[in-house]
Structures are given as structure tokens and as C-alpha cells.
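You will see two complexes here that share chain A, one where it goes with chain B and one where it goes with chain C.
The block that comes next holds the complex of A and B.
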């Protein structure tokens, strides 16, 4: 039985693009072939979970049933009531499967049976719907659109994370001809850029150089130039591999007439950490900004739990990045990665306030700009060294 | 005080700048507002104008200039 992992090799693109031709012809003429779209999406999702991965497919189906029950139970409740406790229970129920999957490796060597490729990203989408039901920005809800949104084939395994209302607008209609032409233009550009990123640069940094640097760093032990090399090389690999994948996911979405948000915008050119998070894994960081950071600050300020506004933002940053760390996995290096970024953004905020206060006397020129980018880049690369888990291998294994 | 003046006063408190002659400035692109200010803006709108805007209603592209914020606030009243 064949198994196709998304964007894993050139054949995948050939099969997928051929299968998408009827859909493209339809969109070209202003129609969305909805039944055909479902059949193609379903086929490619099934092919992700064939062979040895069949139990992941079963886990996915069980997961979807669980989320639909939680979402619609809460939607039903929300029609007449709006107690905070039931909202919290709904969110906890929605993240419950993910929590189990993330906690299992702490206690056991075999991964959880509930796990499947993409569970994190589906959880973001489910929680988002519950939050918007709470806010009243989503009112009427039907089962099929929820499943269609959660299981949108190009992004099911690793995002980018779209928003329900935005996605619905795209998927319910079809773009105008010139709009679709523009989408196809972007799709072609992204596909080729993706090939360069993932299969050339990602391959060089990740498959060719990374193991060599790791080998030398481990042989020397402790801090070494090889370790420094590993840090920069891993950072490049992480970017090109994930940005490449994201470009593929956006490109295929565009071909299907869906304007999935972009994930990266020149992150290494960011002049500070705050700006870095506006450019790196954007669909994730914006999700955290909107559904963790802003809700936390809103809650704290509305209930006047902390008076000082600066303190509020610092507490919210800490919670935000700690949750993000845990989301990556329950290991010391993911959690330290989260704390590191919380500390970095808090220090960054203190600096930005200082700069604003002393606006007149602060030099601002090409040199200070370059220095800012240089410092940010190195802080980020160091955080990725923590994230890589290599320090764990180097010092504790 | 009308909605426009109230909104501009709130924005002046948050950004430290008088925006009455810069009604189409992109507040996020110019880094005059961040997410923290946004939350304060929503709370002030609630306190001073009695309109409640949930956090998930806040789409940066629809709230990025003083004019757009005034329009949103007026519509919600």
C-alpha cells in the first residue's frame, strides 16, 4: 500500500497537482467543485495514514469525534448561558487529547496511542472556535464546516494555522478570475521558492552539514567552535526547512482558491525580539498573541488583579511563552526555550520604553539598525540552540 | 464629548501623540500601538463609551488607523 507524506518528495507534488487540475479548471470558470474537492482532500489524507501509520489514522478519526462533541456541546450551552467555568471546562476538554499526547513521553517510552501527525495544529483550530463562541463572534455553527476547516488538506499536518471565519469566506465562494490568476502566480513562485528552501538549502544545512558539526562538537565536548557552528547551522536549517514547508502549504492552498496566511516574513532581518515574533512562524505567534497574550492581559486588567500596566504585560509574556514552550513538548529544553524568549521580550520591552523616553538623544542610523539586527539574530540563534535539544545530548547524555 | 474626541483622547493617552491630524496613520506599522495597548484601548472603549468589543473581534487590519477605530466605535454604539 502506498503512503504519501505531505511535501516529502517530488512525486507527491506530481500526484497532488494532477489531482487538483479539475479543481483549478472549475475555479478558473468561477466555480468551486465542492464534491471533487472533498474527494481529493480525503484521498490525500487517507494516503498520509496508510500502511504502518494506520493507527494514527484511527487516532485522527477519534480525535475529530471528540472535538466535534466538545465544540457542539459548548455551542449549544453558549446559546443560552455564558459562565466562565463552562468556558474553561470546554477549553480544557478540547486540549485534553493533546495534553495526554505531550505528557506520555515523560512517563513512557512508547508514544501515546492518541497521537497522530498534526494533532497540535488541529488543537489550535478547535480551541480557536471555542474562544470565538465564547466571544460571540461565531454564533451559528454546523458540523461539516468545522471538520472541513480542521482537516483542510494542505495545512493538516503542520499549519499555517488559519482562522475559522477567514477560511469560511474563502471556501464558501470562488475567487474572481483575475484574483485567481494572481493566486496562481503566487502559488508558482512559492512552490519554486519552497523547493529552493526545503530541498536545496534545508538539505545542505540539515542533512549535509549538521551531522558533521554535531559529530565534531560531541567529540570535543563542552563549548567549542563546532558548537557555535552547530548553533548557526541548525538555525538556518530550522528556517529553510519550515519556511519551505510553509510555502508549499500556502501554494497548494492558493491553487485550491484559499488564501492561507503566510508563516514567515524575513525573520532574521528583525531589529528586535518583539519584531522577530511578528515575522517568525507568524500564524502560531499571532494565535498566541490573540488567544493567550491578549486574553490574559484583558482578564488581568479587567479584574484589576495587577495594577501596574508594565507588570501585567510581563506576567502575560511569561505565561504566553511558557505555554508555547510546553506546547513544543514537555522537555527541559523546550521549557527553557520558552522562558528564554519571555525574558528576551521583557528586556526588549524595557529597552523600547527607555528608547521612547530618550527619543531626542538616541542615535538612529544605518549602523545602529545593523547592530540591532545583529544582536537580535544572535539572541535568536542561541534560543534555537536550546530548542534543538543538542545541549541535552552534549551535556546530559 | 463625541465618540471621535473620546477615541482620540484614549489614543493620545496610549501613544503619547495627538493623532487628530493624522487620522489615517497605520498605528501598528508605525509601532505606536502594540497588543498591550490594544487591550487597554478595548477596556477604555468599554469604560468610557460603554461598548464591549471582544478580543476576537479585534482584527488588526480592521483597527489599524484612528479613522477605522472611530468608525468601529461609532458603529458599535
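The block that comes next holds the complex of A and C.
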């Protein structure tokens, strides 16, 4: 049985694009071939989980049943009631499978049977629906649209994380022909930029250079120039690999007439850490901003846990990035990575306030802007060195 | 509207046609210049090892494969590549190997050239360190794995041949070979003793063309350039020298380069790899090392089988281990002797008669460049055997391969 991992090799695109032609013709004529769309999506999802990966497919089905039960139980409850405790229980129930999957490696060498490729991203989508039910921005729900949203084929494995209401608007209708042509135009551009990012640059940084740098850094041990090289090289690899993947996901979405949000916007040109998170893995950082940072802030203010507004946001940042760290995985380096970014963004905030106060005496020119970008870039690269887990291999293995 | 559609997809269609055209049409393999070959012959880079075009061309001219591993990178003034260039020998070494390459990697790599090299000569440096209880390290194997060579193996594999079936089984155990569905299918067939189907053969052939074109287009780039080191070595040598004079000079240069430790280890290596508290940590560390039982013996047999089938004459070299170092790390000398004898028996029993056993020379000063790698005087000693082997007519070898050496029984025999 053949197995197709999303965007793993050039053949995948050929198979996928050929399968999407009828859908494109439909959209060109202003119709969305809904049944065909489901069939294609389902086939490609099934092909992700064939062969040795069949148990992941089973896990996906079980997971979907679980989420549908949780979401609809809460939606039903929410029609008449709105207690915080039940909301918290619903969220906890929704993230429960992910927590199990993430905690399993701490206790066992075999990965959890509940796990499958994409579980994180599906969880973000499920939790988002529950949050919006709580807020009352989503009122009526049907089962099929929820599953369709969660399992949207181009983004099922690694995002970008779309929002339910935005997605529904796109998927229920079909774009105007002019609009669709614009979408196709963008799709082609993103596809080819993605090829450059993932298969050329990502390959160069990740497959050609990274193992060599790792080899030399491990041979010398401790601090070395190879380690510095590894840091920059890994950062480039991480960006080009994931940005390339994200471009593919957006491009395929666009071909299917869905305007999935972008994930990256020149992150290494960010002049400070705050801005960096507005440009890096955007759909994730915006999700965290809306559903972790803001909620934490409101919670603290509402319950007057902390008086000082500056302190409030600092604590919220800390919690936000700590959760993000744990989400990446329960290892010291992911958690340190989270703490590092929390510290960086808090320091950044202090600096921005200081700058605001002393605006007259503070120089602002091309050079200071370049310096800001340079510093931010290096801080970020260092955080990725932590994130890579290479220090763990270097120091403790 | 229609025009816009063409503007969007026209370039895409054109790009697809061009890419498929370039990759699937058999490209003319024009000649590479001498400089490229010279640099590639000492680059030891994965893209050379895993590729096709550069080796094809080099081995058709005066280059002779020198198969080995990390010792090949000890490019001092007495390295085979330096001596051959300086004294304008009729051969030039083409270094095949890098730190981490072992028998199985070489077996696959040889697929790319050995059939065209039938009846010629090869120098093979065996490292005792390959023969660990677990055999080849999967990470290193992955690093040096070439799908092109795996396909070439399948295309020439005989489903009734003990060696080919053994190789298929070994490759199936290592992850990279399983990653590609056609290669995996082929390996499963050969391992099971079944001929490859017509469809699979066609798919593999298309894939081979694709990989071959990719190699001929790109392999000349990213060549690691060590040639400057070869030239530096050449500058240190006199215009003419007898073996004794070379040996004396090697001793002199070696003495100058090993002043910061009493092991006779090259200074830079010592301070980089054993500096600080790293040395103290190594004391007694190798007492439990054991090379006597290893799947590597079976993998090594694959190479012998391959040499025999292609009537290749091989000069084997078994380098020593720095004796002072072995003493410090408590590496067992009896274990080394047993291992060496086992390898020599595997060679002698099957008719491989050119074996240079240097394992007793680990005590000689400036023979080793560091802990386990040949250097200065060691290279001179190698040269005294390798040069006549390559430049003089050798009596034909009579190989008689014995499948027993593939067995677990032999791998675990002492």
C-alpha cells in the first residue's frame, strides 16, 4: 500500500494537483464540488496513515470522536448555562489527549498510542471552538462543519491554524472568478517559493550542512565555532523548512478556494522580540496571544490578583511562553526555550517603556534600526539553539 | 480571463517540462577537467563517495581506489596522495572513505564503479575499530547512504546468490534503505530469493536515470577542498629520496609535530580532542573494547565476495594502534591479536594474499599520527608495499569464496 506524507516529495504535489483539477474547474465556474472535495481530502488523509502508520489513523478517528463529544456536550451546556468550572472542564477534556501524548515520552520510550501526525494542530482548533462557544461568538454548531474544519486536508499535519468562523465563510461559498484567479496566482507563487525554501534552502541548511556542523561540534565538545555555526545554520533550516511547508499548505488551500492565513512574514527582519512573534509562526503565536495571553491577562485583572498593570502583562507573558514550551514537548530545552522567550519579551517591554520615556534623547536612525534587527536576530538564533535540543546531546549525552 | 489563466499556469507547465526533461533524458556525460578530478580524489566528501560521474571518469584514467576510513584524512607529507603526486608515480590514489565509513557503506559505494573496474587493483585499509559488537552505526550508514547505489545493487543482484541475499537482509535492517518504497520492495524480493518483477525493474531504471542525472549535474559542486594540504605536503619533500631517507625525514617531521604530550600524538589533535580533563577521563576507558565478535565480519565478507566476482587484486593494510595510547586506555593487546588473526584468516582462507599487517608496529615512534590513525613513518611503511604492488605486475590471484564467512557462526567465532 502506498503511503503519502504531506509535501514530503515532488511526486506528492503531482498526485495532489492532478486530484484537485476537477475542484479547480468547479471553482472556476463558481461552484464548489463539495462531495468531490470530501473524497479527495479523505483519500489523501487515508494515504497519510497507511502501512506502518495505520495505528495513527485509528488514533485520529478516536481523537475526532472524543473532540466532537466534548465540543457538542459543551455547546449543549452553553445554551442555557455559563459557569467557569464547566468551561475549564471542557477545555481540559479537549486538551487531555494531547497532554497524554506529550507526557508519554517522559515515562516511556514508546510513543503514546493516542498520538498521530497533526494532533497538536487539531487540538488548537478544537480548543478554539470551545473558547468561542464560551464567548458566545459561536452559537450554533453542526457536527459535519466541525470535522471538516478540524480535518481540512492541506493543513491537517502542521497548520497554519485557521479560525472556525473565517474558515466557514470560505468553505460555504465559492470565490468570484476574478478573486479565484488572484488566489491561483498567489498559490503558484507560494508553491514555487515553498520549493525554493524547503527543497533548496532547507535542504542545504538542514541536510547538507547541519550534520557536518553537528559532527564537528560534537567532536570538539563544549563551546566551539562549529557550535556557533550550528546555531545559525539550524535557525535558517528551521525557518526555511517550516516556512516552506507553510507556503505549501497555504497554496493548496488557495487552490481549494480557502484563504488560509499565512504563517511567516520576514521574521528575521523583526526589530524586537515582540515584533518577531508577530512574524514567526503567526497562526500559532496569534492563537496563543488570543487564547492564553489575553485570557490570562483578563483573569488576573478581573480577580485583581496583581494590581500593577506592567506586572500583569509580565506574568501573562511568562505563562504564555511556558505553556508554549510545554506544548513543544516536556524536555528541559523546550521549557528553557519558553522561559528564554518570556524573559526576552519582558526585557523588550521594559526597554520599549524606557525608550518611550526618553524619546528626545534617544537616537533613531538607520544604524539603530539595523542594530535592533541584528540583536533580535541573534537572540532568536540563540533561542533556537536551545530549542534544537543539540545542547542536550552536547552536554548530557 | 483565459489569458490570465495562461499567464498563471504557463510558466508552471514550462517549468515541469524543463525539470522532467533535464532529469529523465540521458544527459551526455562530458569530460570533467583534471583539476576537478584532482580535488575530488582527496575530498572524501559524501557527494563524491555517493555519486557516480566523477569516480567513473577518474577510475578510467590513472586513479586507483584507496578504500578506508578516517586514516585517509591524515594528509601529512607522507600520505599516499602526496607521495604519488610528488614522485609522479604512474598511479594517483582516489580516496574512498571518510570517518564513519565501514564495510557495508563501501560495499554499496563500490556498486557505482567496481563492474567497470574489473581486473584492476585496489588498496584497502581495514580498521579494527569497525568490528564492534553492534557493527556499522546506523547514523553513519545513513549519512553515507546513496539511493543511486542501492538501486545499482538491486539491478545487478542475483536472487540466488548468497552474498546478494545477505546484503539485502542487512540493508533492510538499516532504516534509510527502507525509506523508499521501490528500493524496499526490491530488497525484500532479493532477501526472499525472488527475482524482481518487470514493473519494479522499470521503476528502478527510471529512478536510476533521474538520480544519475542529478549526480552528473550537481556532484562537481560542494567538493571539500583538501588539495591545498596535499600541495603543502609535497613542498616538504625532497625531489628524490630513497625509502630510508623518507623514513628518516618522516621521523624528523613527526618529532616536531608531537611535542605537547608523551603519547606521540600530533599536537593539534591532542589539545583539541584530549585537552583539559578529557585525557584523564580516557584512562582505562577501553578495557572492555572487544572487536572479536561483530556483524562487521559478514559485511566485510561482502566486500571480499565483490572483489572476487570482479577479479580485483587487493592490497590490504591492517594499521596498528598507538601502543602508548592503548596502554593508557587499557585496550587489550590479546584481543587485538585475536581480531587481527581472525581477519587474516578470513582473507587467507579465500585466497587474498596481499596483506600488510602492521599491528605490531604501534610501538614505533612517529608511526601513528594520533591514537589509531597512521601518520608520518606509518605512511612510509605503507608506501613501501603499496607502491610496488601498484606499479609492478602481480601474479594472478585465485579466490575461492566461502559462504560460511557470512554466517553468524563466523561473526561470533573467536
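Note that the second predicted complex is superposed on the first by the 397 of 397 C-alpha atoms of A that agree within 3 Å, B and C clash if a C-alpha of one lies under 4 Å from a C-alpha of the other, contacts with A are read in each partner's own complex, and residues count from 1 in each chain.
Heads up, the rule we're going with is that a contact is a pair of C-beta atoms (placed from the backbone, for glycine too) under 8 Å apart; a residue touches a chain by one contact, two chains touch by 3 or more.
Bear in mind the structure is a predicted one, so any value in this text is a computation, not a measurement.
Engineer: Using the overlay on chain A, decide if chain B and chain C clash or can fit next to each other.
Structural biologist: Fit: chain B and chain C sit side by side once superposed on chain A.
Engineer: Classify the contacts of A:188 with the two partner chains as first (chain B alone), second (chain C alone), both, or neither.
Structural biologist: second
Engineer: Which partner does A:298 contact after superposing on A: first (chain B), second (chain C), both, neither?
Structural biologist: After superposing on A, A:298 lies in contact with chain B but is clear of chain C.
Engineer: Looking at A:290, would you say it contacts chain B, chain C, both, or neither? Reply first, second, both or neither.
Structural biologist: In the superposition, A:290 touches chain B alone.
Engineer: In the superposed model, does chain B or chain C contact more residues of chain A?
Structural biologist: Greater contact footprint in residues on chain A: B.
Engineer: Could you look at A:83 and tell me whether it touches chain B, chain C, both or neither (first, second, both, neither)?
Structural biologist: So A:83 meets neither chain B nor chain C here.
Engineer: Figure out whether A:135 sits in contact with chain B (first) or chain C (second), or with both, or with neither.
Structural biologist: So A:135 only meets chain B here.
Engineer: Report for A:312: first if it touches chain B alone, second if chain C alone, otherwise both or neither.
Structural biologist: Only chain B; A:312 stays clear of chain C.
Engineer: State whether A:274 touches chain B only (first), chain C only (second), both chains, or neither.
Structural biologist: first
Engineer: With both structures superposed on the shared chain, find the angle between the C-alpha centres of chain B and chain C as seen from the C-alpha centre of chain A, to the nearest 10 degrees.
Structural biologist: 150
Engineer: Which holds for A:207: it touches chain B only (first), chain C only (second), both, or neither?
Structural biologist: The answer is neither, since A:207 touches no partner chain.
Engineer: Please work out how little space separates the C-alpha atoms of chain B and chain C at their nearest point after superposition, in whole Å.
Structural biologist: Superposed model gives a least chain B-chain C C-alpha distance of 30 Å.
Engineer: From the superposed pair, tell me which chain A residues show up as contacts to chain B and also as contacts to chain C.
Structural biologist: On chain A, no residue contacts both chain B in one structure and chain C in the other.
Engineer: Okay, in this complex, where on chain B does chain A touch?
Structural biologist: 16, 34-36, 38-40, 42-43, 54-58
Engineer: Provide the residue numbers of chain C that touch chain A in the complex, in ascending order.
Structural biologist: Touch list, chain C to chain A: 1, 4-5, 8-9, 11-12, 15, 143, 181, 222, 272-273, 278.
Engineer: Can you list the chain A residues touching chain B in their complex?
Structural biologist: 131-132, 135-137, 274, 289-291, 293-295, 297-298, 301-302, 309, 312-313, 316, 356
Engineer: Across the complex, what residues on chain A touch chain C?
Structural biologist: Per the touch definition, chain A meets chain C at residues 2-3, 177, 181, 184-185, 188, 192, 208, 211, 219-221.
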